[in-house]
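Multiple structures follow.
One chain, subunit A, links the two complexes that follow: it is found with subunit B in the first and with subunit C in the second.
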Partner chain A sequence: MDPFINDLIVYWPQLLAGLERTLILMVIVSLTGLAGGVCVFYLTLVKSSILHKWTEAYISFFIGTPLLVHLFLMYYGLPQLGIRLSALTVAVIGFTLNVSAYNARYLATAYNGLDKEELEAARAQGFKHSETFRLIILPQVMRLSVPSLTNQVIQNLKDTSVAFLIQYHDLFAQIQEIASSNFHFFKAYMTAALVYLALVSIVVLAARRFERFISLPGFETH
Partner chain B sequence: MTFPDIMIILARGAGYTILVTIASVSAGLAAGLFLSVLGTLRWKAVSFFLGAYTYVFRSIPVLVLLFLVFFGLPGLGIRISPFVSIVLTLGLISGAYLAEIFRGAMAGVGQDEILAAEASGMNRMQVFLYIIFPQMFRMSIPGMINEFTTVLKYTPFAYTVGIPEIMKEAMSLAVMTLRGLEIYLALGIIYFIIYRLFVMLFMTLEKKYRIPGLAPE
Partner chain C sequence: MALIQVRNLVKKFDGRDVLKGVSIDLYKGQAKVLMGTSGCGKSTLLRCLNLLVQPTSGQVIFKGEDITLPGVDVRKVRGEIGFVFQHFALYRHLTVEENVTLGLRKIKKIKSREASEKASYELNRVGMFEHRNKYPAQLSGGQKQRAAIVRALAMDPDVLFLDEPTSALDPQMSREVVTVINRLFLDNITMFCVTHDAFLAKYISDSIVFMDDGVIVAEDIAERLFYESADPRIKQFFMSVADHR
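What follows is the complex of A and B.
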């Protein structure tokens, strides 16, 4: 048998543990990022101009700066203030801040395409701001943004590999370890690439199913 | 060492970051244009190849591809310099995204315009150069700005293969001074400044070459 395959079998439990950590991180940040995105999107709609400016600045900053810098800032910078966070905590906070900014942008784009007369009608009916948001805006905007939001989940899955640079022992970190023990770098990274390709394919298929499931006739998104 | 001092020290390394970004985006633009032009041929084998290319390079994480190119290829006897590795990696990936952006923009060019150009005797090359390309390029600007931002944000990975760009500078400075907090904060601000400058540059170019009535949404 090929010695590399043999190594894969020997390291199987480690690889599985890494895969689990990759998936855990992806699932957590996809959920927190969605929740955060909705909150930030809500803030962009608030009339107060100071709050509005700050929210825009937040989105712009996190879209314009690398995730890796935020992760390093928290993982290697915060201990200076005596705050020591685990790699997973840092990754979850860093990803959430980032993904929320992106998701808020997607939701805002969908909002711009919305029929504003509906919102006026709701206000005329006596809906409060929070009610208009919850009952009129959010359901439509979420539905319109499903393709962008699911794309973001795929992006999250791929980006989890960045967490290995702050000592999070995800799938890529484990493969890295195998590679540095047997020196089969090409085979190891090829394996990593194939595993990510397979994982992304699964998410893509699930996303397409989900898009079909929630699609309403007359509200198709492209 | 005050905060402005840190900013100045780091800003000196920004040249490499900008160089890597521009080289990678240029490679990506070349790949994206080539692929989208190939796509217009509508040959079955070519279309299959294009589909596979975009699917694969949009699915593999940047870091994995970078390690495959830089640490993996020498195992096959192919040795590539760190700079070429990061440019190749980011070029291949952004090429896949840009090809999609160009394909979408090309679909937006009016079929009757192409027909009219052909009727007035233009050959395929001329139609592409004078009719399709100028419109497609303008329509792709928002997508290109997005892709550019993505590439800029992936350039810190260059430190993993030993390129002395700002991330690496920041890391060695942080090890020496033990003031990671200020240093990484300064690093974030520098990246943001680079990002804003490039967006402003693109916006100015876009305004300069804008055709009234043909603005991308």
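What follows is the complex of A and C.
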């Protein structure tokens, strides 16, 4: 048997554990990033101009700076201020801040395309601002941004691989470890690529089904 | 006492006077049409009356209460005024029935079952029952506007405002909608309707108010205003409207 395959079998439990951590991180940050994105998007609609500016600044900052910098800042920088966080905690916080900014931008873009007369109609009917947001704005912008939002989930899955740089033992970290013990770098990273490809394919299929599930006449996204 | 009394209403946008002291009365059971050239302030007037736009000065007395004063429950006032828009403004992610029931359930706190029974009844009256499960994207313009009228009426408003309800429709669909509004008129629904459509104006109004550049120039029944007015602004307006038909 190919010695590399043999190694894969030997390291199987470790690989599975890595895969599990990759999926955990992806699922958590996809959910927190969606929730965060909705909150940030809500703030972009608030009339107060100060809050508005801060929200815009937040979005620009996190879209405009590398995720890895935030992760390093929290994982290696904060301990110098006496704050020590686990790798998972840092990854979840860092990713959430970053993904929320992207998702908020997608939702805000979709909002710009909404028919504002509908929102005026809601106001004229006597809906509160928060009700209009929940009942009219959100269901529409979410549907319109489904392609961007699901793309972001795929992006999250791939991005989890940078978490190994802050000692998070995800799938990529485990493969890295196998490679550095047996020196089969090419085969190891090819394996990693194929596993990510398989995972992404599953997410894509799920996303398609979801898109069809929530699609309505007038809200077809492709 | 009038249902709505407007006294000396002024609205400025960025220092520019759009309404220059408008006074008008609308009684219960009365249907008034508001006409005037584009940009003269008709939509602004309607929007001031349900506080979608805050008036700069003057009074709007709705059911005896000056609603321009601070401390007024704005949403309650809006809930008692139905509003129909030029471009229908149906909620696009909801079916026709859901468009009608949303306000009933969330604002009037009516139970889903009752709300949908009420919606069915009202939709049936305008020939929209069979379309109740369609989304706005699946409807013609005339159907959308009929649904929008039902959405407003189902809330049992004290008065119905219509802002150019037929302007976005071709003549055929426009007729469908005029028929519906005419029935409301015959049912003595209190209405205040902005339109450029002389045909609509004639068939749905007790009287017509003519506005020019932020002031009310005349108010009279259709025949006298259309055919006997000596005011050059009114003559010119009706000539230009007639050209379109």
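Operating definition for what follows: the second predicted complex is superposed on the first by the 221 of 222 C-alpha atoms of A that agree within 3 Å, B and C clash if a C-alpha of one lies under 4 Å from a C-alpha of the other, contacts with A are read in each partner's own complex, and residues count from 1 in each chain.
Assume contacts are C-beta pairs under 8 Å (C-beta built on N, C-alpha and C of every residue); 3 or more make two chains touch, one makes a residue touch a chain.
As the structure is a computational prediction, the values presented were derived from the model and not from experiment.
K.L.:
A:3 contacts which: subunit B (first), subunit C (second), both, neither?
P.N.:
In the superposed model, A:3 contacts neither subunit B nor subunit C.
K.L.:
In the superposed arrangement, which partner chain does A:115 touch: subunit B (first), subunit C (second), both, or neither?
P.N.:
A:115: touches subunit C, not subunit B.
K.L.:
May I ask you to decide whether A:126 touches subunit B, subunit C, both, or neither, giving the answer as first, second, both or neither?
P.N.:
So A:126 only meets subunit C here.
K.L.:
Once chain A of both complexes is superposed, is A:136 in touch with subunit B (first), subunit C (second), both, or neither?
P.N.:
The answer is second: A:136 touches subunit C but not subunit B.
K.L.:
After superposition on the shared chain, which partner residues are touched by A:217: those of subunit B (first), subunit C (second), both, or neither?
P.N.:
second
K.L.:
One more residue to check, A:185. First (subunit B), second (subunit C), both or neither?
P.N.:
First partner only.
K.L.:
Which stretch or stretches of subunit C touch subunit A in the complex?
P.N.:
Residues of subunit C touching subunit A: 50, 52, 75-76, 78-79, 81, 83, 85-87, 89-93, 102-103, 106-107, 134-138, 148, 151, 155.
K.L.:
Please give the residue numbers of subunit A that touch subunit B in the complex, ascending.
P.N.:
The contact residues of subunit A facing subunit B are 61, 63-70, 72-73, 76-81, 154, 158-159, 161-162, 164-165, 172, 176, 179, 184-190, 192-193, 196-197, 200-201.
K.L.:
Any idea which subunit B residues touch subunit A in the complex?
P.N.:
My answer: residues 56, 58-65, 67-68, 71-76, 149, 152-157, 160, 167, 170-171, 174, 178-185, 187-188, 191-192, 195-196, 199.
K.L.:
Which subunit A residues qualify as touching subunit C in the complex?
P.N.:
Going through subunit A, the ones touching subunit C are 115, 117-118, 120-128, 131, 135-136, 139-140, 143, 216-219.
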